[in-house]
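Naming follows writing order (A, B and C), and every chain is counted from residue 1.
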Amino acid sequence: MKPIDKKWAWIGGLLLLAVLLVLPFLVKNYRVFQFNLVMVYAVAILGLNILTGFNGQISLGHGAFYAFGAYTAAILMDKMGMPYWGTLPIAFVVCFAFGFLIGFPALRLAGHYLALATFALALAVPQLLKYKQIEGITGGVQGIVLSKPEPPFSFRFLDQPFSADRWLYFFTLAVTALMFLIAWNLLRGRVGRALIAVRDHPIAATAMGINLPVFKSMTFGVSAAITGLAGALGAIVVAFVSPDSFTVNLSIFLLVGVVVGGLASIPGAIFGGIFIQFVPNIADEISKSAPAAIYGLVLIAFMYLLPMGVMGGIYKLWFRLRAKAPG
Amino acid sequence: MEALLYQVFSGLANGIIYGSVALALVMIYQATHHINFAQGEMATFSTFIAWWLMQEGWGYWAAFFITVGISFVGGLLVQRIVLRPIEKAPVLTNVIVFIGLLLIFNALAGMLFDHTIKSFASPFPKDSFLATKYFSAHQIGSAGVLLVVLFALFAFFRYTSVGLAMRAAAQNPDSAKLVGIRVSWMLGLGWGLAAAIGAVAGMMVAPIVFLDPNMMAGILLYGFAGALLGGIDNPLGAVFGGLLVGVLENLLGAYVIGTELKLTVALVLIVGTLTLRPDGLFGKKVVTRV
Amino acid sequence: MAKLFEAKKLCAFYGATQVLFDVDFSIEQGKITTILGANGAGKTTTLRALCQIVKTTGSMTLNAGNGDVQIVGKATDAVVRMGVAHVPDGRGTFTALSVEDNLRLGAYVRSDRDAVAKDMEHCFKLFPRLRERRTQQAGTLSGGEQQMLAISRALMLKPKLLLLDEPSFGLAPLIVAEIFRIMRQINEEDGVSMLLVEQNASLALNLAHHAYLLETGNVALSGPAEQIKNDESVRRAYLGY
């Protein structure tokens, strides 16, 4: 990168950071809550993207991992009094284990069969969560009500109090940044290339020394872990879990987020998160079915016009502009 | 013993519906080698059309056949307009578009016909001569309708040249082109047939579970399980698969797991079949010599 | 002798890659024409171009009795309806369908049922082995039998022009000899015009009346088969024997 470019990159980055830090105090509490959800969804979409975008294993059931993560966090906080920040690593590990285990039968399923199996998983999860035998732990149909963590210190800034939602904003921002950093590092190097190699040329990948079954299961595990962590984070942010929050719609929305942001794009996950958080809010005003209609049209339109999502479109534009610029 | 028989027969009655959905799924799979995730929503939408026709004063059977006709044309159009351009695209693209169709049909049903639960007439009233000790009139009637559909399909594929052409186009599109078959239209035909079958399934189910936009979600899952169990490329197997799923659902629900985890049963059946016996119970193993 | 088919400045493309470059060739009514060449010369592509399975530019005209009809730009099924039957490389049989169903499909575009039934009888006379296996799944047939089935399927169209892509491929010499003998019989008795693509040059030159030699998408040589067969320098330079 030219020195001038680097300088602009630094300035841009610092500006962005400043905006992000001040943002929660510029808007109302409810808007902050929505921003928190955007970040949670972005992490969930990131997880799904690793599996489906980078590795080509189609999952229509990632809502299940999100739900497991959410319930893990909720149960740990509610029944065992664990502090909220402690639940995140545990949710990560638990969901990794689930994903890794599911990864093994998934090995034998390709393409639409895997989509079908994960679709079935997504459809079955709410019923499982309502199961009377485990009601003691899961809270059954009513779910589990949690309380939002209080911020560690209080102050006012720009005439807004440092509320629970604002504290959670910074907490979520930190966790999200961490997850994106981990994903970025993981996918940029050998692992990323291996993922894509396995997706596009599995036989050649094996010939190059990649242990296919272990690798694919690991990918499933990591993907589930990240989405599960997002679920745990979501439970903390929303302070409530119930079976009907995790229907098959969630899995479909995550897929929409991946498509909108861009398959195999890390920053795209943020666009995806923004999309699936705010579009239903706006569309709901038109009619109850409008969000579904918009998502359906978006999925089809993007496959036709923008198969690499918003990020893909931005890259294309960027390259076209650069090609025209002198020097 | 009485209770067991009741569970079995009730399971068979449900299984007929699952079998119809499985049949529609197999139809599209045979023609296009794709799994139509939108099948349930298309069937629901068709059923709404029938409901609307009856609201407008049409008699049951008139509404029935008009709906089947409209659904056939609709399925054909969906394939021609939405799916043909991505025929050669990767599986993921197709799956995403199917989910998109699922959402659109679901939304359309909600927007045009709203979300209140509606009752749907059965052409086989409770006190009809068809009712027996173990099966209601509607269940026997539905079974009859499904059998008629099955026979019609069997005859179509076995004895007509278009049916043969469809089978050829599904198995070997390149060779099919060389004998003058318009392969693209065969795919459209497959979709049309599947949509028509789905409409029949929807109209048979609606009197039992009542009509609302989310009517078919769970049933679709059982349809998948039935289709896989029977062999995803075998129409007759799909029907048997559906019946088997219906019976298993009831028996496992009554005696093993309890009735609350029925969808999990379907999930286990699907995953189990896919991993242990991917050809299903009756799937054809095609012999090819190198 | 009437020209059944003529290609002028034929170019063919796989996507953006051009494979045939301004190829000119013609086929005479009632004769067997062969296209020879090494791997990758474009022989199979020529047949595919004729059926419009690949993108083409240039001109290809077929005179099926009503004057010259342009093939370029038509859909594959339209070309089939003009009377062009293609036996693809690898046989292309419908392996999951019965032998009889395969034959029926060959006559898919025809509507004269009685004649179709007679033609099926004729195929069974030519290839008695197929009659024995008429209800068997085509995939269970041996390689040679599948080749017979593929040729029969093409004959069921009652074609004006029969295209054959490497019929000898992967078959034992005895079977190949039998198949080529029957091909000669079909040509001499039923007057079927043929375009034969073969890697086995000596087999092809023994059967054909006229030959073209393709080299990386260009016509390098053409002439009566007898002439090329007897020209040692040509044989050594181009055909390797």
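Following the convention adopted for this analysis, a residue touches a chain if its C-beta (ideal position, glycine included) is under 8 Å from a C-beta of that chain, and two chains touch if they have at least 3 such contacts.
Just so we're clear, the structure is a prediction, and the values are computed from it rather than from any experiment.
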What is the graph distance from subunit A to subunit C, where chains are linked when they touch?
-> 2
Count the C-beta pairs in contact for B-C and for A-B, then report the pair with the higher count.
-> A-B
Greatest Cα-centroid separation from subunit C: which chain?
-> A
Please work out the Cα centroid separation of subunit A and subunit C, and write it as a whole number of Å.
-> 56
Compute the distance, rounded to whole Å, between the mean C-alpha positions of subunit B and subunit C.
-> 43
Using the average of all C-alpha atoms in each chain as its centre, how far is it in Å between subunit A and subunit B?
-> 33
On subunit B, where are the residues touching two or more other chains?
-> none
Inside the complex, what are the residues of subunit B that reach subunit C?
-> 161, 164-165, 167-168, 171-172, 174-182, 284, 286-289
Given the complex with subunit B, which residues does subunit C contribute to the contact?
-> 51, 53, 75-77, 80-81, 85-86, 88, 92-97, 101, 104-106, 108-109, 137, 139-143, 146, 153, 157
Going by the contact rule at the top, pick out the subunit A residues touching subunit B in the complex.
-> 52, 56, 58, 60, 105, 108-113, 115-117, 119-121, 123-124, 127-128, 130-133, 248, 252, 255, 259, 263, 287-293, 295-300, 303-304, 307
What residues of subunit B sit close enough to touch subunit A in their complex?
-> 34-35, 37, 82, 85-86, 89, 91-97, 99-111, 115, 213, 217-218, 221, 224-225, 228, 258, 260-264, 266-267, 270-271, 274-275, 278
